[in-house]
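So, here come the structures, one by one.
Both complexes shown next keep subunit A, but they swap its partner, so subunit B is in the first and subunit C is in the second.
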Partner chain A sequence: MASNACMPRFGNEAPRSAGRAVLLTLPILLWSLLMFFHPGGNTGRLWLIADGITAVFMTTLFFMMMRTRRTYRWRRWFFVSVGVLFPIGFIHNVMAMRGTMGIPIEEMIAGRTPFCFMPIPLLILPAAFTRTIVFPGSILPGGGMSGSGIASMVGLWLAITLVIGKGWCSYACFFGGIEEGVAAVPKRAKIRKIDPRWRLGPWAVLMAMVLLSLGLFESAYCMWLCPFKAVSEYVAARNTVGLIQNGIFMLLFGGLVIALPLLTKKRTQCSFFCPFGAFQSIFNKASIFEIKIDQTLCKPCALCQTACPTMSLSNESIARGETLMSCMKCGACVDACPRKAAVWHIKGTEVAGKPERARLMFLYAAWAMAVMFGGSIIAQGIATILHFLA
Partner chain B sequence: MKLRAKLGYTAAGMTVLAAMLTPFLLMGLFTNGVAALGLHVDEMYSGGPGVRTIQSGAYSINIHRPVFPHMLQRDQPFVQLDWKPVSALPGRVSDVVDLDGDGKPDIRVSFDVPKDPKATLRVDVESLNPHYEAMRNAGKEKYSRLIVRVDDAILVRVPLANP
Partner chain C sequence: MVPSLLTERAGLRPNARFLSAFLGARLLGYLLFAAVASEIGALALKLPAPRVPLMGGVDVLLACMLVWYAYSARHICGQACSGSKLVNISTSRDRRAGRAAALGLLTGLSLCPPFVVAGIRAAQLGSVVQALLFFIFFFVGTSVWFVPFVGLGCVARNQAVIMVARMTMVLVALYYLSLGIAMLIGRKVYG
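Now for the complex of A and B:
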């Protein structure tokens, strides 16, 4: 029976029993209740309903991950929900507070510009050389639409990065879900051959923006290139330069977040453009969790490469038994591999060891972060919708 | 189990623990750490620290330290003045201000104070010292040349002519 040696490890893997899946989900249920219904949390009927729906949603998705032993499709439901509901909640807040998505100069001078995580890499050099934050927000809580300051967002980013590393891009980013949702729409990709050199795009954008931000002493990416200004906020167009900036935002959003994902079924903005993603790849070294390719099981069929939404697997990396550093730990390759050669892995342990244990430990950490951060965004979006319906 | 594997699982367990502690401990710890770095928001936005306050009847004029652009920053140097509180300002303000504290007037600033807080503001600045640029009917064109209302203050930024 020589062929037995080549049999996939979990070839006919049965779903986990419902009882065992419920048991494994219990910690996340308790965590969701703690996050959404803690004392001093949101009050009011609409918020309670929104929090309840979100808690059930997040717990159900985790249950399905446990039951089916699949990660990607359930995580995608969460991620797309965050991507769609973030603009709804955010734009509603912005419109309610200042009546426009354009940030007036008064708000910048007052230090009330909402701070997202995108400019973090651009702030480092100016801060290191001059102790200056080149962003018109507030460092301490009190500024920004959510009442949080730059320090809070940086603190949150550091904590989540310590836990899941580059997993930020699959479990915490509130922008990537839009293109992941768009990429899921077509059944097949119209453009299948993509030059792998495009993978260097985020690094080029990161380097250019870091240097420009230092030279111009402004958050250059926010001022000129962020595609998500189109669905959040933008510099109020007071003159021709402002009009050009807003035109660029719309163009990049239409191209990288809508058109290209439809044609390629890839997260093109994340893969070829996002400077924060490149920056986050550096910090991924701090994370104990990773995806590995078990060389003893892999018969290069390229299914994992096709499934990967960010082109983070190449023939060379597969031959080395690892993903590229742009891997966001979304789990698409693990779910796609019929031989279970793509596995979740804890650094230091054997690749052929206990991949399901590694997956579980990663998912507990990642989903705890997802419930805490993404869950609050989902709840806010639902509360906004309920507010309009009520 | 090898030592490396034991260390790996221990680190993974600690990571899960760190996730559980994030909202209660880690986030606050990191936030306070960043806040303690002593960073400040670029003065091109904040206007720089106030250095002198002139009392003028029921209202005061707060004069800030001059702000100079960094490297390739696309703005002129300027000095910011805050008139506050807005409720104490007359319908038209026309003040002669000694900006550098040498006892001699440097500029005359004139603007109307509309009752509607969202109304557009315009300012005229007459230069009495060649170090400060005059402004005529200026709105909010640039960070270095503007009049805006922020909360309970009216802010005027006057560009420096010869930094």
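Now for the complex of A and C:
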């Protein structure tokens, strides 16, 4: 009893003992060591330092998740770090290889455009109808600036999606962290009432981009609407269309990733615009992990709705005991609920069963992937910064 | 076409009528183009200067049409109430035919590369009849892909689908508008 009194309390829940938290963290520690210090991995002093910092960072965050039983705030440290460090490492690479952030048409024709996961939904219909990949990148690794080919990215996406579903948007996306970081800056939201119809935006963008990609045989989202071109690479503006495209990129980034998150404290680009998020909502059905609202405990205080960064809880969905399709499994609602009505859940089990066990199972899968995918991005960003400091 | 059908909450028959009007106007656009192509000959089509502003104009018109369509669909509500007369294809036959025809004509006249190639081929045939026949078969070959769209209206059973379809129309309209404006400005568009 005395020892419990000395321990810090987090919310209304007693923290796990340090020894038990260490034991639960051990698998992630071993996984981090394997990922960052495996034979044949990065060599050189700067890379060793960067890998070491990343391994400690990722392991510490997981330890804190175990210790405090809280998810969101620690995950946010990781996610924002990925969002900030990805452009640093990527732009450095692009500048070193090409000397500019603009992709010239020659690079596209040569199939050397780096591939990210965003165009995956746009490739499916043209590939199904014509067996053509409407993206000017390399199918196999090594073709693009990032070194990852289309096939490897699609394979990685599929493997991760089958396990954590839309958790991709909270643990794997290397863009979402930017707006999550921006949204964390203001203490209170200036805009609190948002028309819920805007939540349909990602579906509209998805449909428009899929149809345009099928009709034009180009990755329409990358060419016209990707806000993150502003911080990665853009179309080399050699003509009127190029100028318009870059103007759209800057406008969308400034509006959806900077201004609106500052005003609303929400991930507005993810909530109202991102077509990949809508696409991922469909595949989320394959994942066994979800967030549920235990109706026997819930007193509709709306704290979970306020905490949710993507407006994935409505009065109706809470009454049904579930989140909306757009839920990214970030854990904000679970951490915010004072009555523990919002819980992690494994499909096919009782809602009031063992939510902490469901959380642990989800976090092991999600964090193992985060170490592998986001961890490498963090390490590259740190290595780039160290390179400039050295 | 897809978002337009999704904003309706009609069954197979009204959608088939809508699609027929769309495809009919598309055929008309093709035939007009075939006649013009054969009369003017390949020369006009090979010149890029008059083609680019024309394409730009058609793109801007198409964008305006889509925005108007999305705006006019704002009154469509729950399952029981009827939609706007402007867009409810199951009540106003004249208007639905007109709208579908306008969409069909504008998309039919969109001078995409295969269409221009077909136009050049028609112009080279030297005979109006041959050119018209060539475009009729061109139409038949490209229209097969539209047939499955007849069932799309059946998907639009709730407000969310209609709202998504309206937003989609605006986004597609913005794409055509920006492309059209770029072409009308007269600067170098591609390359």
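Assume the second predicted complex is superposed on the first by the 378 of 390 C-alpha atoms of A that agree within 3 Å, B and C clash if a C-alpha of one lies under 4 Å from a C-alpha of the other, contacts with A are read in each partner's own complex, and residues count from 1 in each chain.
In this text, a residue touches a chain if its C-beta (ideal position, glycine included) is under 8 Å from a C-beta of that chain, and two chains touch if they have at least 3 such contacts.
In this text, all values refer to a predicted model and were calculated from it rather than measured experimentally.
Student: On subunit A, which partner touches more residues: subunit B or subunit C?
Tutor: B
Student: Going by the contact rule set out at the top, does A:160 touch subunit B (first), subunit C (second), both, or neither?
Tutor: The answer is first: A:160 touches subunit B but not subunit C.
Student: Output check: A:369 vs subunit B and subunit C. Expected answer is one of first, second, both, neither. What do you get?
Tutor: Once the two structures are laid over each other on A, A:369 reaches subunit B alone.
Student: First (subunit B), second (subunit C), both or neither: which does A:136 touch?
Tutor: Only subunit B is touched by A:136; subunit C is not.
Student: Taking the superposition as given, does A:45 touch the first partner, subunit B, the second, subunit C, both, or neither?
Tutor: Touch status of A:45: no partner.
Student: Touch test for A:190: subunit B only (first), subunit C only (second), both, or neither?
Tutor: In the superposition, A:190 touches no partner, neither subunit B nor subunit C.
Student: Could you say whether A:218 touches subunit B, subunit C, both of them, or neither, answering first, second, both or neither?
Tutor: Touch status of A:218: first partner only.
Student: Using the superposition on chain A described above, determine whether A:299 touches subunit B (first), subunit C (second), both, or neither.
Tutor: neither
Student: For A:207, select first, second, both or neither according to whether it touches subunit B, subunit C, the two together, or no partner.
Tutor: Only subunit C; A:207 stays clear of subunit B.
Student: Which residues form the common part of the subunit A surface touched by subunit B and by subunit C?
Tutor: Residues 105, 238-239, which sit in both footprints.
Student: Please output the residues of subunit C touching subunit A within their complex, sorted ascending.
Tutor: Going by the criterion above, the answer is residues 2-3, 160, 163-168, 170-172, 175, 178-179, 181-182, 185, 187-191.
Student: Using the touch rule from the top, collect the residues of subunit B that touch subunit A in their complex.
Tutor: 4-5, 7-9, 11-13, 15-16, 18-20, 22-23, 26-35, 37-47, 69-74, 140-141, 143, 146, 148-151, 155
Student: Residue numbers of subunit A touching subunit B in their complex, please.
Tutor: Listed in rising order, the residues of subunit A that touch subunit B are 31, 35, 105-106, 108-111, 126-127, 130-140, 149-152, 154-156, 158-160, 162-164, 214-218, 238-239, 287-289, 346-350, 353, 358, 361-362, 364-366, 368-369, 372.
Student: Touching subunit C in the complex: which residues of subunit A?
Tutor: Interface residues on the subunit A side: 105, 197, 200-201, 203-205, 207-208, 211-212, 220, 224, 238-241, 244, 248.
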